[in-house]
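The next block holds one structure in the form of structure tokens; read it before the comments.
Letters A, B and C mark the chains in the order given here, with residues in each chain numbered from 1 onward.
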Amino acid sequence: MKRTFDIVLLLTGGLVAWELLHLAVPFALTSPAGTAAKAWSMLTSAQFWPHAAETGKAFVYALLLAILGGLAIGLGLGLNRTGAEVAEPILVSIYSLPKVTLYPLILLIFGLGLPAKIAFGTIHGIIPIAIFAMNAVRNLANVHFKTARVLRLSRRQTLLTVVIPGALPEIVSGLRIGFSLTLLGVLIGEMFASQRGLGFLIMNAIGLHDVPTIMATILLLAVVAVSASAILLWLDHRLHHRVA
Amino acid sequence: MSARETRRTDVHAEMRGVTRVYGGSGGSAGVQALAETNLRLRRGEFYSVIGPSGCGKSTLLDVLAGLSRPTTGEILFEGRPLDGRVPDGVGVVFQEDASFSWLTVADNIVFGLRRTGVDAAEIARRLDHALRLMGLVDFAKAYPAQLSGGMRQRVCIARTLVMQPRMILLDEPFGALDAQTRLIMGDELLKVWRETGATVLLITHALDEAAMLSDRIGIMSARPGRIIEEIETRWPRERDSRIAANAAFGDITARLWSVLRDESLKAIRQGAGP
Amino acid sequence: MTRIGFLRLFFVAGFILAVEALCRTGAISPRVLIAPSDMAVRLAWLLASGKANADIAETLGNVAIALVLSVSGGFAIGAAIHAFPRLRRAIDPFLASYYALPFFAFYPLFIVLFGLGRGAIIAIGFLFGVVAMIIATLNGFDRIPPVLVRTAAIYHMGPAAAALRIKLPSAIPYLFTGVKLAIAYSFIGVIAAEFIMASSGLGYSISYAFNNFDNGTMYALMLFVIVLVTVVNALFYSYERRLMRRWGR
């Protein structure tokens, strides 16, 4: 419970710093109280929810695709030594590409709308999930695979009862990063070219110099992202603890 | 040498009523690693501490080295109480590989020496001597990664040696090595001990190692550990691992085990150890 | 060349050739994607004409400044956080979810703070890179073998000497990971910021070409960014490999 106290302390410190920054540059930054009030009025307004739903829908689809695709690529390559060695540097360099550059390509393929946003979110999230899953499988002790063979498990049984449970802690670490980057990808997609969604709201507000809306939208996103991340982090720690 | 010989029975380091409790600051009891322990090391002797796993052997070494403070009691080195720092003249070799992977063997060995204001010629002389003594001459420019575990531990011993410590503490230094390498390393350690005249305290869990190398052996109880018995071996100063063929070796090992067996059983029932 | 290297080259070359073939046969419309060879020709022409030089210089300058700031700042902040375990545990969930936030939205704030020039863009690049470096520094310091820290005590080393002579080299593999991520994120931050809100720089030029249906320029610049990032990464990767092989990590 000391930790909860520390987190509250840290948040309080952050709020104080925010307030001070607000007092220093009042026009660039809404105060914490003002932002919270604005966020509340957005949450209770009718216009907000269609945008949130739009972003949420794109995000859920993108995340599902990133997870399924990332695990398929990662587990497949992880089980194949040569494949993993060939693919690793390629995956790592794709991971470090500024994917915003690829956005025009995505738009030209999918056109403006939901599919483009989903695709953009997916290309952000899929690579880290694949890299973590691949390395998790590669790092599994060889004796586990030998045991599976001694127990005469089929390939499917080996995958389901040995590979995935053994690699799970690392896979969850990858999901944590994939989660964040997928959300970022969807939001950037909406900011660059979209008529709906939270990214569009932010971009619109930037155009209108509507600082309270920018801040309130980011605050709401931050609350969602930090909560989801905290849950995944907790799961991550638990799984790693169990293995270690 | 003669001055040192006449003072051989001097007390070099002493633990008086030392205990160590871990944790337990916030109202909880904590874990007692060391029960009240008394230990006197004679100047220039080779003393081994043996005990079941988890009994607090390493805690005893940490406290004696000044790496951690005792909860109660007092530690004297050369007549002066420790002040919470590692005193000058004490060298420590750990079980884990403590060589710096980013430095060559030679740079590893003189790492501590460079920090003491010893002049370059003297550094070169001591380095050369240590390389020779530990059989590392051909590896001076190699990086630790290119060496075997045994060779890396030699680097760590050499690094301790060049500081010319008057007391060397070793925490299961050969624990990670294979059985034959351990025997060889034991012989090297005896050579270092004879050559430097330093007092040596060796922590070990291996009966044969303790019996073969030591002048005296302290047996520790299961946790919370304390020294429950001391055995004197009366080996000649010139000795090596071939002493295992001596009939007395079997007697000493048997006496060690007769005390240690009960304590090891207790330790296993405590659920301690690896 | 090793078999693995050959296979890698085979796949990459095969992929490019397949795209080339699909474009040449008209299976992919030039309004969507132009052939890789056309991109290369167009890029060569663009570089030779010097038209893009100012944008390239500006973007690279921004990335370089953002990178230096985020690596040095991230290391210092990470080392400081690591010294306070309670702060560190409290801050963990925030660091972990940091990359889900679109900082571009803070652009108006940065314009007020840093003016309407490149300062605001660099600030975004820095914000993107610095947290990767902080996380890497924390990871690296976590994994320093305790025996090395105890060795520092044996040699009576103070906290600063121990950090510089023992902790930094010991944590170096993780710091390298941090630098690699900081390179990637600085590029992402700067180019994305230029893309969405600047009026010059590579990101802006790509976005401008897109809006004007100038696929030739757009794909040439995209190719430039991709090749540049890949080359920078490859250089750093090979330097790291050489060092790590010597140290045996």
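As a working rule, contacts are C-beta pairs under 8 Å (C-beta built on N, C-alpha and C of every residue); 3 or more make two chains touch, one makes a residue touch a chain.
Since this is a predicted model, take the numbers as computed values, not measurements.
Novice: Could you find the chain whose CA centre sits the greatest distance from that of chain C?
Specialist: Relative to chain C, the chain with the farthest C-alpha centre is B.
Novice: Top contact pair of chains, counted by C-beta pairs?
Specialist: Result: the chain pair A-C has the most contacts.
Novice: How many angstrom between the C-alpha centroids of chain C and chain B?
Specialist: Each chain reduced to its C-alpha mean, chain B and chain C end up 48 Å apart.
Novice: Could you state the distance in Å from the CA-based centre of chain A to that of chain B?
Specialist: Comparing mean C-alpha positions, chain B is 51 Å from chain A.
Novice: In angstrom, rounded to a whole number, how far apart do the mean CA points of chain A and chain C lie?
Specialist: Centre-to-centre distance between chain A and chain C: 18 Å.
Novice: Would you tell me which residues of chain B are touching chain C in their complex?
Specialist: Within the complex, chain B touches chain C at residues 65, 67, 85-86, 90-92, 94, 96-98, 100-102, 111-112, 115, 143-146.
Novice: Sort out for me which residues of chain C touch chain B in the complex.
Specialist: 145-148, 150-151, 153-157, 166, 169-170, 172, 246-249
Novice: Applying the document's contact rule, which stretches of chain C touch chain A when the two form their complex?
Specialist: Interface residues on chain C, with respect to chain A: 4, 7-8, 11-12, 31-33, 86-87, 89-94, 96-102, 104-109, 111-113, 180-181, 183-184, 187-188, 191-192, 195-197, 203, 206-207, 210, 218, 222, 225-226, 229-230, 233-234, 237.
Novice: If we count contacts the way the header does, which residues on chain A are in touch with chain C in the complex?
Specialist: Interface residues on the chain A side: 2-3, 6-7, 9-10, 25, 27-29, 82, 85-86, 89-90, 92-93, 95-105, 107-109, 176-177, 179-181, 183-184, 187-188, 191-192, 199, 202-203, 206, 209, 211, 214, 217-218, 221-222, 225-226, 228-230, 232-233.
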